[in-house]
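In what follows, subunit A forms one complex with subunit B and a second complex with subunit C.
Coming up: the complex of A and B.
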């Protein structure tokens, strides 16, 4: 009887660990992110092959805390004059013609109690790729780093930035 | 043992897994970009707009933080001379007015009988046509009850109403009409003064709740801080005379719990001692007159009437007259009696005795900003509203219009003000919420909220300023600015009316007003440049205003104890109704932030309560939090008892602001409205409703209430359950 109980307990702990691990990996890596986007947008195509500057689309990055998602209008600046359409660009045209914004799925996320500003980091001389990885080579855009506090602190430490709580939590 | 341990681990595991689930879901799953970029909006970067707060009648300057087209935070404007960057809770909570789920979202027309509360949406075109046709059907019968809107809107209203030979009444319950009347009689000036608290060394306040809701609480709160701590060598002394220990009294060096309605007598007693001891600083011509007036009173009799001992009066008189810069002010509970105006005149006489008019630390009447013609909006008293009853009876065909005023809530039912609504042929409301008065309207044409509107605000008295208000967000609903409505009707009526109000919309009219105003002040700039600069600043204010000289130095006509309704044998208690810090007279009741703002003395939130001295409560065998019935000759209410040692034992106090029967989900049906207890007692000199002039009795119900106190530890107000009598 007692033996059985021990085995059950061990199974339970393993099951919990599996569930926890599953959700944990989901939360931090967003591996399936690409499938969830309404349009299969590729950074490799835009930032890599076409060499478009990050700030052309993410216009807020050097002037605002938020890098911002480009307005549909910005997509259409180029896409309205494209001759050949693929099924994916067709989707973009549909959104534009219906005057609907594209409901992108959020992949990069910080908890509400953290204040991160893109502007400060870019002005301090960091490149987008320092945190977001080589997006120019990625078709999908997973989270390149954990964006957890330890990761932030290590970088702050390496670069001699402030480690005061109120730098980020205020 | 083993089983228990296993259960424990199970629960632990389940909890750990469960706690992770919501973390994965995330609050914002989608990132919705703009379709078209807005040149003025950078996502994540805030714009700050300067404007004027209209949550009370003070008109503080504000800066509103706007992100992605939404107002996020309101702060005080640091350069505005009224509030110098500070802002009170009501100003902070104005966002909950703007984004209130119960805002009226478009024009409505009554369905069914009046007061049934059924409305159906109509188009603006139909609504305006109905309003105009009713105005045309009832020439000379139009009455507009508006909150005071000193500035361009007041000019628009008064021109419009004059042209249709109607009546315009600016009314607000906390307008301190008794103070204006007393200053007019004492000094011959029709302005509110600036009380220079910051430079006072001895402040004697008779009931003026200047730290919570009196005149301009942020301004006086700031000045009070400077009086106490702003000077290196002097800490101003502060005495508060009032029957209930208010927040203001709690900040005083000494609290004098006087018998209600005898504040004027105490002021006379103090004056008498000052004169007798030869400390009066009077002009030669006045001495004889003052001596004759003060010699008619006996100090012992005053001591008996006021219940302030003779030695206490002498001590107050000496402290006051020996101070380098003494100041006596009065308002609040002292003014809320049938002898309110005379009381305030007796307090004014104290200032005359020490000669502090125009002096630093004294009373100063400042010239308001000049250049805005006929833009003042002097509020009327309750009596002027009640006089409408006769007018409506006679007229039988009147159009009643309401702008940001809710007289049906603010006036006690005993005044029978409802008759005005019943006798009106047509009622139009421009209010933003379905309040008690708007619920009886036939037509509702909702105005923009003040954060969506253009406007200006002339601060009278305190510091001469002209605040400029601009819309900080795009209007959320299908509402229209009330100024535009009146101007478009002027166009429809045509003729002389159109000549006098030719502007196409209110913004154009406002700009024209400011154009003439700024042309005289900023000659070296183009109007466009000056206008943009004023918008950025939040208005115009120059150096210190000119002092207005006092033309009269009058003594009160008579000083006698106040009259009370109710036989003292049957109704043994005085009643004190005080404005709650957050809700004020009730306007704040539909803002959840203000509902959950703890009352500073009892820490109660979200409801009504009855404050009783613990000694009295024990005499009646009333437990704390028990529901008690408060009965006056005119009505009764029930609410939970809070022991409050800061009450005189013969006083019952109840906060105002709750007990709405309309006004949205947060206000409706919450708490009780103690105004239903009041007798229609009026201070005859000012026409102000005497809210302290009704006597009450209490009855136990035996039921236990559930007031919500933030301070649940038994500390705070219940630290001294014996309720020691205050020092005098």
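Coming up: the complex of A and C.
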């Protein structure tokens, strides 16, 4: 009886660890983010098949701290001359005709006490894919990394960048 | 492509930021106080909170009266964090939230701070402020918060940063162009807003900067420098 109790306890601990770990990784990866987007936008279609440069839509990335989400008129630069419509592009046209912004759900988010600049990292020679993964092959766009402090610090150490607290926290 | 990646290792050695405050120029207008509030997301305290000593002002104007009315003379002194070279607030922090950066700033890391307030109690200048409440701004002031500065939450200590967000911004531009930050390229909000140019900011490691030259003035002194805090701010005042 004693022996069984020990085994059961161990199994129970492992099960709890697995469940907690599963939900933790889900939270980190934001895998369900796509379901919450108002339009089923595909990076795989735009950046992959059509080979549109990241900076064409995310115009702030190399000139400002924020990469920025494109306004509707950037979408319409191409979409206004498209003949064939799908239900998803119809949604885009509705937003355009109503002169409303698209309420995208933000997936890549840092805590309030972190100051990050895209510009500086691109200037230092990094590519979008270094942090965001192979976006050109993703239909939905989950977070490719945890974007937690240990992850930042490891890269800063590898590249001889500043490890001073006051670089990112102020 | 950048030539250096560590902001603390620019060509020609690290920076050492400092300030000179010319008291003979200060008129006590408090433009610096207003500018600091706007730039650094400093929460607004009412009369009641202020009377309990809970108001937050990273920079304040101290006022001294000499003589009796109508022959009174008023003297003003802007007091902000002195960014001491040997800071009393730093060794008392149990979690290293208060520490010295390689470029001579006395930093407060909000996400490390656990709110024991030892640093504030050990500061001879009383320029560290504790957040007793969650910050609040009435409409429409909440729309003007600076996105480059953290909004400090309840339970953490905060203080003057020499507008580090502006320093880092100038350093990024300089780093992109592979050079050092030029003299006068960084101006903290208080320095920028001073109508009489009583406040001057710059790199004390550059012997030709305005700050270096002015701090050698024979009017110069450090606030409570007899305590051995080695302040980064030099005050100038003609003794009559």
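The definition used in the following text is that the second predicted complex is superposed on the first by the 145 of 170 C-alpha atoms of A that agree within 3 Å, B and C clash if a C-alpha of one lies under 4 Å from a C-alpha of the other, contacts with A are read in each partner's own complex, and residues count from 1 in each chain.
Just so it is clear, contacts are C-beta pairs under 8 Å (C-beta built on N, C-alpha and C of every residue); 3 or more make two chains touch, one makes a residue touch a chain.
Worth saying up front: this structure is predicted, and the values here are computed from it rather than measured.
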Superposition-derived comparison: subunit B or subunit C, residues of subunit A touched: B
Partner chain in contact with A:159 - subunit B first, subunit C second, else both or neither: second
Subunit B versus subunit C as contact partner of A:13, first or second or both or neither: first
Subunit B versus subunit C as contact partner of A:84, first or second or both or neither: neither
Which of subunit B and subunit C A:115 touches, first, second, both or neither: second
Touched partner set for A:167, first subunit B, second subunit C, both or neither: second
First (subunit B), second (subunit C), both or neither touched by A:69: first
Doubly contacted subunit A residues - partners subunit C and subunit B: 65, 112
Interface residues, subunit A side, partner subunit C - complex: 65, 111-113, 115, 117, 119-120, 123-125, 159-162, 164-167, 169-170
Residues of subunit C that touch subunit A when the two form their complex: 1-2, 5-8, 99, 101-102, 105, 107, 109-112, 148-151, 161, 164-165, 168, 172, 175-176
Touch list for subunit B against partner subunit A, complex: 2, 6, 9-10, 13-14, 16-17, 20-21, 23-24, 26-37, 42-45
Residue ranges of subunit A in contact with subunit B within the complex: 2, 5, 8-9, 12-13, 16, 19-20, 23-24, 26-27, 59-60, 63-66, 68-74, 96, 99-106, 109, 112
